[in-house]
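In what follows, structures are represented as C-alpha cells.
Heads up, the next two complexes both have chain A, just with different partners, chain B and then chain C.
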Partner chain A sequence: MDLEFSVKTMFYLGKIPVTETVVSTWLIMAVLVIGSFLVTRRFKTAKPGETLGTTEHVVELLVDGLYSFIGDVMGPKGEAFIPYMATLLLFLVCANLIGLLGFRPPTADLNTTLGFATMSFILIQGNGIRSQGLFKFIKGLFEPFVFLFPLNVIGEIATPFSMAFRLFGNILGGMIIMALLYGFAPIAIPVLPHIYFDLFSGIIQAFIFTMLTMVFVAMAIDEDEEEEN
Partner chain B sequence: MDQLLLARAIVLGLSALGAGVGMIAGLGPGIGQGYAAGKGAEAVGRQPEAAGQITQTMLLGQAVAETTGIYSLVIALLLLFANPLLRFLS
Partner chain C sequence: MIELGWTYFFQIVNLLILYLLMKRYLFKPVMGFIEKRREHTEGLLKDADESFSRAKALQADAEQDLNEARRQAQAALEQAIEHGKTIAKELTDQARQEEKNRLERAQKEIEEAKVRAIDEMREEVANLSVQIAGKIVEQKLDEDAHMHLIDEALQRMDDAHVN
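Moving on to the complex of A and B:
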C-alpha cells in the first residue's frame, strides 16, 4: 500500500520540475477555456429569430444563476466582481472533483490554495484601500484602540492562511481517508464515501472559499459597515 | 548507530502519539457545527420561507468554525507524513 501523499514530479521541462498539480491545473484550465469558447460560440453568430440549442439554454441558466447568487451576496456595488468570483467557483469545483477521474486534485497541494488565498487577500485589501482611501484604511487598523494595531494586522494576515489551510486540509484529508479505505476494502465499499468526501465535501469547500472571498470583499467595499474579522 | 535507531524509533512513536492526541481537537468543531445546525433547523422551523438564506449563513458559519479542526488535521498530517522533528537527529 502506497502511503506517500506528497506531490509527485511527473517530468522535467528543461530544468523545471512539472508536478501532478501543474498538469491537472492546466488540464482544468484547458477544459474550462475551450469549453467556454465552444458553448458560447453560437451566441455571437446566431441570427435574430434563429432558435438556440439545448446547450445554449443550459449555459444561460448557469450564468444567470451565478449572476443572481453572487449579486445577492455582494450587493449592487459588487457587480464588477461577478466574473472573477464565478470563475473562481467554477475552477474550484472542477479542481475538487477531478479526483474522481483519478487525477490528483490541484487543491490537495498547498501551493495552489495559498496562491488562490493570496489573490483573495490582494483583492480584499486592495478594494479596502480603494473604497476607503489609504488614510482611512490605515486608521481602521488602529480601531477601536491604538494598542490593538498588532492584533488587527495579525487578523488581516491570518485570513488568507486560514482560507488556504481549510481548503487544503479538507481535500487532502478526504484523499488520505479514501486511500486508507482503498487499502483495506478496495471493492464496492468506497463508493458511498466517495459521494461524501469528493462530491459533497468538494462542492461545499469550493462554495465556502468563494463565499468567504465574496463576503470579505463585500465587507471591504461597503463603507457604511465596520470592518470586522 | 544502534542509539540513533532507538532515537528515531522514539521520535516516530511519540509523533504518532502526538498526531492522535492532537486530533482530539476534532471535538470542538463537532460540537460547534452541531450547535449551528441545530440553531439553523430551529430558524427554518420558525421561518420556513427564509430557508435558503439560513442554510447559506449556517454553512458559512460552520466552515469558519471548522478552521481549528482543520489546523489540528494539518498538524497531524505533518507529524505523520512530513515529520519535521526527524531533522534534528542527523
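Moving on to the complex of A and C:
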C-alpha cells in the first residue's frame, strides 16, 4: 500500500508554488461568495413587508442564528467581530466537509490552521493591548509574580499553536484513517467512519476553533470593563 | 508532511479576502434587511397602536354624542308631551266655551221666542177681546177708540200684574 499525504503543488505563480490547499480554499471561497451574492440579491431590493423565497428564509435563519449565537458568546462589545467569526465558522465547516467530495480539506494542512491561528492570535493580543493599554498589558504578563513572566509569554504563544495543531491533527488524522480504510475496504464500510470523521469531527473541530477564538477575544475586550468595575 | 511555506501567507490573505467579501455580500445585506424589516414591523405596530387609540377616542366621542342625542330626544319628547297637554287643554276650554255660548244663544232664542209668542198672544187676545166685546154689546164702536180702550185696559192689567 503506497499512500502519500503530503500536499501536492498544483502550479506556480511565477516562482510561488500554489498548492492543493490553496486551490480548494479558492474553490470554497468562490462557492461561498458567489452563493452569497446570488442569494442576497433579493435582500437588497426586497421591501420590508415582502415575503421572500425559501432559500432566502434559510439564509436569513442561518445568518440571524450566527449573529445571535456569536453575539451571545462575545457580549455587546464584541458585535464588530461577528462577521469575522461567522466567516471563520462557515469557512472551517466547509473546509472540513469538502473531504466528502473527494477534495483535500484545506484544514488538513498546517499552513491553513496556523495561518488562521495567527489571525486569532493577532486579534486576541491586539484587542488585549487596545482595551488595556500597552503598559497594563505588559504588566499583566508579570502577574502574579515577576518570575512567572516567561511562563505567561509561553502560555500566550501556546494558544495559537494548540488551536492550530488541534484542528490540523483532527482533520489530517481523520483523512489518514479514511484513506487506510479505503485501502482495504473500499465499499460500504467507509460510510459510517465518514459520518464520524468528516461530518461529526469536522463540524465539532470547526466549532471548537471558532469558539476558542471568540472566547479569547471576548476575554481580551472585556478585561478593561472588569477593572473599571 | 508538515512544512510551512507560501501557503501560510496565502491562507491568511484568503481568509481576510473571504471575510471582506462575505461581509459585503452576505452579512451586510441580510442583516440590513432584517433591520429594515424590524423597523417596518415596529412602524406597523406603532401605527396600529395609534389607530387603536384613535378608534378609542372616536368611540368615546360617539358615545358622548349618542348620550347627548338621547338626552335631547328625551327633552323633545317631554316638550312635545307638554305641548300636547297644553293643546288638549286649550281645545277643551274652547269646546267648553262654545258649548256655553251655544247654550246662551239657545236660551236667548228661547227667551225671544217666548216674548214674541207673548206679544202675538196679546195681540190675539186684544183682537179676540174686541170681537167678543163687539158681539157682547152688539154695538158698533169706533175701532180706534176701542183699541185705545183695550190697550188702556191691558196696560192697567199689566201694571197690576207687574205690581
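Heads up, the rule we're going with is that the second predicted complex is superposed on the first by the 216 of 229 C-alpha atoms of A that agree within 3 Å, B and C clash if a C-alpha of one lies under 4 Å from a C-alpha of the other, contacts with A are read in each partner's own complex, and residues count from 1 in each chain.
What we mean here is this: a contact is a pair of C-beta atoms (placed from the backbone, for glycine too) under 8 Å apart; a residue touches a chain by one contact, two chains touch by 3 or more.
In this text, all values refer to a predicted model and were calculated from it rather than measured experimentally.
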Is A:Val33 touching the first partner chain B, the second partner chain C, both, or neither of them? second
Considering only touches as defined above, state whether A:Phe5 meets chain B (first), chain C (second), both or neither. both
Could you tell me if A:Ser201 is touching chain B, chain C, both of them or neither one (first, second, both, neither)? neither
Have a look at where A:Val59 lands relative to chain B and chain C in the superposition and call it first, second, both or neither. second
Thinking of the overlay built on chain A, is A:Met211 touched by chain B (first), by chain C (second), by both, or by neither? first
Which partner does A:Gln132 contact after superposing on A: first (chain B), second (chain C), both, neither? neither
Tell me which partner touches more residues of chain A in the superposed arrangement, chain B or chain C. C
Where does A:Thr112 make contact in the superposed view: on chain B (first), on chain C (second), on both, or on neither? second
Is A:Ser162 touching anything from chain B or chain C once the two structures are fitted on A? First, second, both or neither. first
So chain A touches chain B in one structure and chain C in the other; where do those two contact lists coincide? 5-6, 172
Residue ranges of chain C in contact with chain A within the complex: 1-12, 14-19, 21-23, 25-27, 29-34, 36-37, 39-41, 44
Would you pull the chain A residues touching chain C in the complex into a rising list? 5-7, 16-19, 21-22, 25-26, 29, 32-33, 36-37, 39-40, 43-44, 46, 48-49, 59-60, 63-64, 67, 82-84, 86-88, 90-91, 106, 109-112, 114-116, 118-119, 172
If we count contacts the way the header does, which residues on chain B are in touch with chain A in the complex? 56, 59-60, 63-64, 66-67, 70-71, 73-74, 77, 81-82
Of all residues in chain A, those that touch chain B in their complex: 3-6, 162, 165-166, 168-170, 172-173, 176, 204-205, 207-208, 211-212, 215
